[in-house]
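For reference, the structures are reproduced in the following blocks.
One chain, chain A, links the two complexes that follow: it is found with chain B in the first and with chain C in the second.
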Partner chain A sequence: MLVFVTRRLLVALSVALTVSIVSFLLLHFSGDLATSIAGPDATAEQVEKIRVEFGLDQPIVEQYFHWLVSAVQLNFGRSYYFQDSVMSLISERLPITLTLGGLALGLAILVAIPLGVIAAIKQNTWIDRLALSFAVVGQAMPSFWFGLTLIIVFAVNLHWLPAGGNSSWQHFVLPAICLGYYAMPAMMRLTRTGMLEVLNSDYIRTARSKGLNESTVVLKHALRNAVIPVVALAAVELGFMLGGSVIVESVFSLRGLGQLAWDSISRNDYPVVQAVVLIIAVFYIALTFFADVLNALLDPRLRVR
Partner chain B sequence: MSNLTLTANSSITSLPAVPEWRRIMNRFLGHRGLMIGSVILAVIILAALFAPWLAPHDPYVQNVSQRMIPPIWHDKGTWNHILGTDKLGRDYLSRLLYGARISLTIGISAAVISGLIGTTLGVLAGYFGGRVDAVISYIITTRLALPVVLVALAMASLVGGSLQTVIVLLGLLLWDRFAVVARSTTQQLRDAEFIASAKVLGASTPYILIRELLPNILSALIVVMTLEMAHAILLEAALSFLGIGVQPPSPSWGLMVAEGKSYMFFQPWVIAIPGVALMVLVLAINLVGDGLRDMNAPEGRS
Partner chain C sequence: MKRILEVKNLQVDLPTANGTLRAVRGIDLHVNQGEMLCIVGESGCGKSMTSMALMGLLPKRAAITAEAMEFDGMDLLSLSKKERNQVRGMRMSMIFQEPMTSLNPSYTLGNQLCEGIIKHKGLSREKAKERAVYLLERAGVPYPEKRLNQYPHQLSGGLRQRVMIAMALMCEPDLIIADEPTTALDVTIQAQILRLIRELQQEFGTAVIFITHDLGVVARIADRVAVMYAGQVVETASAEALFANPLHPYTQGLLNCIPIPGKTKPGSHLASIPGVVPSLIGELKGCAFENRCSVSTSECRRRTPNLAIKPSSADHQVRCPEVSLSFQEAV
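Take a look at the complex of A and B:
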């Protein structure tokens, strides 16, 4: 087990390093950063001045190492736009995005697992079809449009919840529903197929033939095994949601990490963009690492590879 | 096995070929989701292809005196503009029809580009294994760790949004699932007898990969293709909605939602129409994908 964890940890670390290189290069080769920062009206001299000021005239490898050495110490430099350090901007916004992601994930799990279990028990009935349709619609709905629809219905027409901002817990309800519905279908389908598989297995037949009542069989014996892959998927989904929250945050004017990234992209504030991309990638890598370890703990067969 | 029976059948007469075709057709007709999905998708594709003939108006012509006319089911709707007009007086139905072209073009092109990249990587990793597999698996893991939406946003804003930019960006970003599926299906077939016999016959590796292996993993890849088409269409809409995807005056559905945003409280149909169009298209593609997967998987043929 220790060997397994160490090996996975090393892979995770090197993936994080590679992601930092790739995101750095992507931004630097997509266009001339100095020209973008200076704006369309700048003269050639102003562009040169900015290039020197931000160290963009240095060789790219040198720029990268300089950035990496500071990034490891959690120093992402200064924002071009605000006169703040990037780290202080991020630490201000990160809790909001994490709250949103956590709420959305919790909501998705609370809906997905019961729905998946019921759909599996009632396979091929109208309940199963309804549950599947609910999932299919969730996968097809553009999240920005769903968000706007929620605002029209629940904020403007019914006045139940606020339309945007982040000053109270009510402000998180609609965004969490919006983001959670996006993550729910995959988990529901996985719970359903997992349950179907488990319910047809030998040990469930044994449990039933022992005369255990059906709810004990389903909840204690079957669900416990069917839910393992769902937990792993939930960790990965949380990673995706942190990256995808940019759209939901911009629809609901939630001042989280995604909105910071989006504003910084429009302001050509690249140190911030780079830092946010790296931080979200590291979160994703960490979450998949924990999912792998958790899976291996619960299922010893996985440790071999 | 199935290859053998097929060649044996076709060499006798053309008669036995009919039941085989019928069997597939019956299975197709018997799968409700696949049927519904294909019909909707076919209608949208036809609407996109024949948009110039179907559209009642020019989608780009503005008419200030005809602004924000509601659709026909409202009291003030007119038959001249069945789905109403937008804030510049452009006919909404015509824009919707032309918008289908944008969504489909981006969905198909991005899925083809990412399919080429992902399949190449996945097949190489699965077939050669060992160090090649280790390197390619590492590339896949790295790609998965990159937040797609953020990277696409940042790059689109640097390169400048346009139809071509969006296609290339999404094509370069969405290949991961192709690679994962191509890799695992290739691994399953690597040691199959027909591959071994092709090797014995002295076939070159590219020949084996392209002519022997690829046709056998194609059905799995087509399912991924539908998923990634849907994914690309939704991402394009999101990019255009945020203003750095397809640029105005193009009638991209995501852009139509963005343009209608400031009117949505009093005229919700301005965002409802393009939003529902997006949802129906993606739903149809997903239904087709799910249906094809059921048809491929023997256990799903119930």
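Take a look at the complex of A and C:
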């Protein structure tokens, strides 16, 4: 197990390093940064001054290592747009996105797994069909529309919850439902398919032949094996929600990381874009790593590899 | 001798897209305490279906009916789900054909060996583990203590089947159903496992229903034999009587198919039974074996034969009108 974790950790680190190089290079080759920072009206001297000031005159390898060393120390430089450090912008936005993503994922898992299990046990009954329809609606409905519907019903008409902002936990309820419903169907379907397959397996028959209770058979023997692919999917979904929840964030006026990245791209605020890309990538890598470890804990056969 | 299991006119119907598959068509069986009954027949003759019906492991869509299905005086068909779970696992257990897939890959062998006895007999984990180690050792698994913490994928197929055998014995059952437990194993391992099952069965006095398609296996271990064909028992007798004096044309055909070292000439054609098994969907008219039989008459096509008892030995029964005719002549 220790060998497994170490190996996975090394893989994760090398992926992180690759991502940092790619994101650095992409930005570097997207145009002359000094010119775009200085603006269209700047004179040649002004551009040159900015180039020296931001270290853009150094060789590219040196620029990369300089950037990497500071990035490891969580120093991503200053934003071109806000006269503020990138780190303080991110540390303001990241908790919002993490809270939203975490709540949405938690909600999705809490609904998807029990629903998937029940649908599999009651395969081809009306319960199964209802669960599948619930999933199809979630998959098909655009999240901006669902978000607006939630606001109209629960904020505007019923006054139960606030429509937007992020000052209290109540503000996160509707966005978490909106984002969670979007993430739930895939997990639910995967749980259902996995359960159907596992319930037909020989070792479930063995468990039944031992006279175990149906709940032990389903929850102990079947679910643990069926849920393994769902863990990997959940990790990917959370990673996606960290970077891609821009729509939900803007519908509910949550000033999260997604919105910051979106705005910074349109403002050519490169240090911020670079930092956000790197942070989301690192989260992705960390999540994949945790999913791998969790899977290995669930399935002993994975530990040998 | 006390009968531990008594089955009368067991029928199993499975709905399929092409009509009802009548997999088991009225089987009569009994198993005495501590004896080894071999059920033998080719693929699709309903022998596995019978064992699954006895264990209550058939899918819900399967319709099971019987005049009697009694285990130690209890009617298995009328038991509640809870009572059924009590009997299953504690007093009846099963060994399956596929040792590679019959153990849960995610749990240790110790966990899977012990969970049944902890549930049924309320044993502590330590006591259960002690018994598991004892039985693993009896089942010929080397380093039994170490195995408790191992996972199925760390063991070979033969070892896994030994673990399954130990698992079946955990609660000291009165009856073990072994459904082709050696079919998926290497020939050398097969012989070891057969010997092991026979030894343990005699040592613990457990009754065993041993399901196989291999008459060679039957000859080595059976006390009594039931030969199945197309969902019915066509002949049943003590192993001795069956091999010495097979009565049903199907049994005779099966025995003829086995090449005998020294007797069957090298390069000579091996005997086989002509024709194929009839489809089990829908009703069968007359004798199911009629189209492949060497002694069939027009009468065989019209009348469905019943099991007839051989006059000289009540234990020897056969489902063939031609043979029962010869019984009458003998009397």
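Everything that follows uses one rule, which is that the second predicted complex is superposed on the first by the 253 of 305 C-alpha atoms of A that agree within 3 Å, B and C clash if a C-alpha of one lies under 4 Å from a C-alpha of the other, contacts with A are read in each partner's own complex, and residues count from 1 in each chain.
Please note the rule applied: a contact is a pair of C-beta atoms (placed from the backbone, for glycine too) under 8 Å apart; a residue touches a chain by one contact, two chains touch by 3 or more.
All figures in this text were calculated on a predicted structure; none of them were measured in a lab.
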Chain A superposed: clash or fit between chain B and chain C?
fit
Have a look and say if chain B or chain C is in touch with more residues of chain A.
B
Which superposed partner A:I285 touches (first chain B, second chain C, both, neither):
first
For A:L130, select first, second, both or neither according to whether it touches chain B, chain C, the two together, or no partner.
neither
With chain A at the apex, the angle to the CA centres of chain B and chain C, rounded to a multiple of 10 degrees, reads 80
Which holds for A:V22: it touches chain B only (first), chain C only (second), both, or neither?
first
Now for A:L212: first (chain B), second (chain C), both, or neither, which partner does it touch?
second
Chain C versus chain B - closest C-alpha approach in the superposed model, Å:
10
Overlap of the chain B and chain C footprints on chain A, residue-wise?
none
In their complex, what parts of chain A are in touch with chain B?
11, 14-16, 18-19, 22-23, 26-27, 30-31, 36, 136-137, 139-145, 148-149, 152, 156, 242-244, 246-247, 250, 258, 261-262, 265-266, 268, 273, 276-277, 280-281, 284-285, 288
What does chain C use to touch chain A in their complex?
55, 57, 81, 84-90, 93-94, 96, 98, 101-107, 115-116, 119-120, 151, 153, 164, 167
Residues of chain A defined as touching chain C within the complex:
201-203, 205-214, 216, 220-221, 224-225, 298-301
Chain B contacts chain A in the complex at 138, 141-142, 144-151, 153-155, 157-159, 230, 234, 237-238, 241-242, 244, 254, 257, 261, 264-265, 268, 271-272, 274-275, 278-280, 282-283, 286-287, 290
